[in-house]
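The structure appears right after this line, and notes come after that.
Per-chain residue numbering starts at 1, and chain names A, B, C and D are given in the order in which the chains are listed.
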């Protein structure tokens, strides 16, 4: 059987890679993709714990299902905003959306 | 009915009547807006329906004012939940009454806006009542999603879209942090039920302490974002400035209060056994937040940005109550939340009406308001002084009680920092008051009046600020009772 | 709009070159893992796990490193399929299915459309922010800290177990019926948000002006 | 009599002006004469009630000992949460200290309000002016009767607010607005200290009730270091309100307000709130001698500094302001050497003669529209009455026998000689002499010599009776109130003894007759001071020929006039005036601009730097969040 740590380390790596994407990318859509990676890491974590530590109630599975759903909804919502910004400023580059500061 | 583990589930839907009413009203508002041409109804009906729904929900909340019950082990209805249900309904009612002219003129899709307001109020109530991490998380997202959209609804204001983008992207990252943290708490405790988590964390956790700490760090970060605690606050000023003013008000009122409701539930319940692990984190955040919020506020030129930093600073004060959490500090925090919300709304509604008239929102634009509209200047002054914690206004007593409770919890140094920081705050509030009273108005110096609903909302808020400042006992008693629900006598 | 999609030639090239790179990169991993399996250092499920994890992490790295955003999006598909495989290894075939359907079928298409309508229409190649080196440092540190904290724990050696499909349904739709309702509202809100922002502002203000007059 | 009025009903005193404030603030445009008569009548009523309280107060003495019983306390729960965890009472408490404050506040307030009817005549916002005065009196009375610290703090902020509103009364004038802001900010710094002190005391005792706190502290139930720190914080509040170094910078600027306000708030009542607070807690300060020494030396530095600055200031009101700061320093020196009775006594006499001086200067300003002493002169011929009463006030301030200031200053000097290092006594006596010098200068330059601004002189005229009547009454009080020190006078009033015996309850300092040798020395020093002032400024600082004819009497006393003149010139120019200028420069540059303004600027600059963290870019914000998480996680690992 696969040890539980394998899954946890995997999810940690996925989360960190996603975070790296958020910090380094300039395109709003790529940032969204990176957030999806982070959330995928979260889902793995939840399912791992549900399968290994909560075998009777498996609330984590339900949680993971909702995480996936919410993540998908968030993509739709955020894309709408990105498109609106693109329409207004002809750019999806987050560094250029910086008129609000200080 | 029983759940899969054989626990009894109480499926009494009437416990959720307020939220159901809010949801139904939201649907009605969208429907009325969508078919406004066919039904021959104007904009005016939308705020009316909204207020009616909110009043109904408020009345429905009071039905369970004295009961303690839970719905399917997911949501609990006790005096704590009732406190926040009533608070959120009042905030939304005041906001709709005070800002409906603004919403008509400066907000895209008013029908959807009102619906979002209603749904997010429901989400906020669920945050206060949640009894299970899953419900809590979804409630957080309902509130956050509504706010992401609401921020983007500014009409003909390019800042609105930018603010929404910042908010939604960073909010997504914060959600990821929060969820990752929750997954560790779930992993450590093996359940998403508050009661089970509390029991599990009370046991010996030396084996999995690392994961527990990691989970706590991430939860603090995620909720720190929602509450705008330094260093997770950076979206706040931008979102506040870019959003339509009623949304800014809502962000600083309901969104903040709901986050603190959730924080109180978690830190006084499931996470309380691990207090040694998270106490210092909150203390650090509180200190940083108070100091930075107050210092940077000194340099602001835009009234919404100023209020953003002011609200950040206030979060610092409120976080202190979590550091030494007990029934007493929780009561102090709840009383302060009540006082803060009323005060903050008074300022924001005044700013909204000022904007309705002038279309400006720089601090210097308030020049000579004491001459053009002395009443509004008075409301602003009372509100700002109350935020600064001037005596005989509600902001003083609630803040003072909050500070006292933290002292009682043996965090004297934190209170000393807070008192000093709070003095700095007076300076930037005075800047606004100075503009209103000491300078001549630029250009148009004709006197103007508010609309009747403007007088109604600001008058009620002003009265509350003054009356609760002089005689706040009802507020303190309600807060005390709500806090008692968090710490049931064993 | 469809003429802006890089179909078919660019897509073909992308898939072919991507597949080649993947195959070239995967071969050594596969060889090493197979060798370990043969000498019995790892069990068969572990073999599958490491394979899926390598694919997944490679895909994730692609998402955050690729200069060409279409390539990055395709890497996301690979990653999400890898995640689905991980779900299968965790004995939750239902969630794996959801993952493939929702993400592979929905989200990635949505993201691709978003890409096409913004950056990619003129130039699919993007530059990254100037804080990239710092970002790498911080992300690496965070990964290190997280993994250190996770490995610090002793979970014992629990076994994964299969959740019966019927139980899952009962749990979801009976025990957690309220969250299902909340999430329905949440989807409504998200839909509203996408709608109000994606709709053209001119049309909106015209309609609004008409309604008011 | 159907209605009992005594110490238990003392809450009525602040309630009357509070009601007047509401009426006047809201309705003044509707009232005849904008309601000024209401304010005057209301205040007169309060004075009457104070005497009823005083009569009642005499009844709680038993064999010369103050024995408080239930009647001097009145209270109800204002806030009560957490089942008794946190109680704030509204409570009043009356004792000897209160009984000094009540007549001072009410009498001076009444005089000032009557005077203002003439002085403020025709001003815009006339009604508002009286409304705020009533607000001030209400808050001040609440302050002096309050039995607990929260109520005291509220009233403390209330008087600050009224002071702020009145300093900024002419807010169209930029300097007035700035001065108001400065006063507000500076006193707030002190208030922070007070609030922290209150919180510290509450933490240690669990109560806000002043008498309970004193009892607990005296019983030694609080750690001494902790108590010292708390009491120093408490003194910080007192120093802010009472304009003690280095928080004194706001008071001279506060002279931007109308002159009667300066008389009431910035000379007689509000600024002595700090003295009152320290006196109120004197039993505790007696336990923590380090804190008491802090008070002593802060008071001493303030007294010296302000007196020397008074010597080189030319604005008539600012001279009086520095004088006030200096005299407050005297009171704190008395408190610091444990002589609470002396401090309260000086508070009383000072209130009368300083109010007199301010109102007198108000008459001068009213008549000439000049405030610079350089442009006044010779006014005694145009305004003989004002000149006479102003001289009475000056003699009291300079410490000439019979006049009230002499007795109280004498008591303070006596106390320092007895209970403080001798250097303190010497310095303070020197300061008393300096006081006489600058007082003489002020009187000479204003009322004597030739007019330097003929235009102003020609237009000068005596004030109307409504302004002169309060002056006359205050002049009487400035003369006779000093006799309250005598036990015989106190007993004649029905009290067990003189003011010292009343106030300093436990170690009553009974005063039956002056120590002639000591008093003689003090008098001599005052006379020398006056002599110096006379010789240097008599007639005209530029030695105008016209002034000389006024001097022959003195000159006859001085054998070698030119030699003495040269000596005076040398000593005064180089030493005293030089030092005064130096101190004034230090005050302006170091304390004011670097210490107070500089602190504000440093805070502001910090905010300016920090705001650039907010770059407006999403990746930067996310980076901040990631760093936050990383830092928390690393510390968490370090913690384990």
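Here is the rule we go by: a residue touches a chain if its C-beta (ideal position, glycine included) is under 8 Å from a C-beta of that chain, and two chains touch if they have at least 3 such contacts.
As the structure is a computational prediction, the values presented were derived from the model and not from experiment.
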Touching chain A and also chain C, the following chains: B, D
Chain pair with more C-beta contacts, C-D versus B-C: B-C
Most central chain, judged by mean C-alpha position against the global CA mean: B
CA centroid of chain B to CA centroid of chain C, Å: 33
Whole-Å gap between the CA centroids of chain C and chain D: 73
For chain A paired with chain B, centre-to-centre distance based on mean C-alpha positions, whole Å: 26
Centre-to-centre distance between chain D and chain A (centres being mean Cα positions), rounded to whole Å: 65
Multi-partner residues of chain C (at least 2 other chains): 129, 131, 134-135, 138-139, 142, 145-146, 148-151, 155, 167, 171, 176, 179, 183, 186, 189-190, 193, 196-197, 201
Junction residues of chain D - those touching two or more other chains: 611, 614, 616-620, 622-623, 626-627, 629, 633, 636-637
Multi-partner residues of chain B (each touching 2 or more other chains): 4, 134, 138, 141, 145, 148-149, 152, 161, 164-166, 169, 173, 209-210, 213-214, 237-238, 299
Pairwise touch network: line, ring, star, complete, or other: complete
Chain B contact footprint on chain D (complex, rising order): 78-82, 85-86, 150, 153-154, 157-158, 161, 168, 171, 177, 181, 184-185, 188-189, 191-192, 195-196, 199-200, 202-203, 600, 603-604, 606-608, 610-611, 613-614, 616, 618, 620-622, 624-625, 627-629, 632-633, 635-637, 639-640
Partner chain A, residues of chain D touching it in the complex: 611-612, 614-619, 622-623, 626
Footprint of chain D on chain B - complex, ascending: 165-166, 169-170, 173-174, 177, 209-210, 213-214, 216-218, 220-221, 224-225, 231-232, 234-235, 237-238, 277, 280-281, 284, 292, 295-300, 327-328, 331, 335, 390-392, 397, 400-401, 403-405, 407-408, 412, 415-416, 419-420, 423-424, 426-427, 430, 434, 437-438, 471-473, 476-477, 479-480
Chain B residues within the chain C interface of the complex: 1, 3-4, 9, 16, 23, 36-37, 42-43, 71-72, 74-75, 108-109, 112, 115-116, 119, 122-123, 126, 134-135, 138-139, 141-142, 145-146, 148-149, 152-153, 155-156, 161, 164, 207-211, 213-214
Complex contact set, residues of chain B against chain A: 4-5, 132-134, 137-138, 141, 145, 148-149, 152, 158-159, 161-166, 168-169, 172-173, 175-176, 179-180, 182-184, 186-187, 190-193, 237-238, 241-242, 299
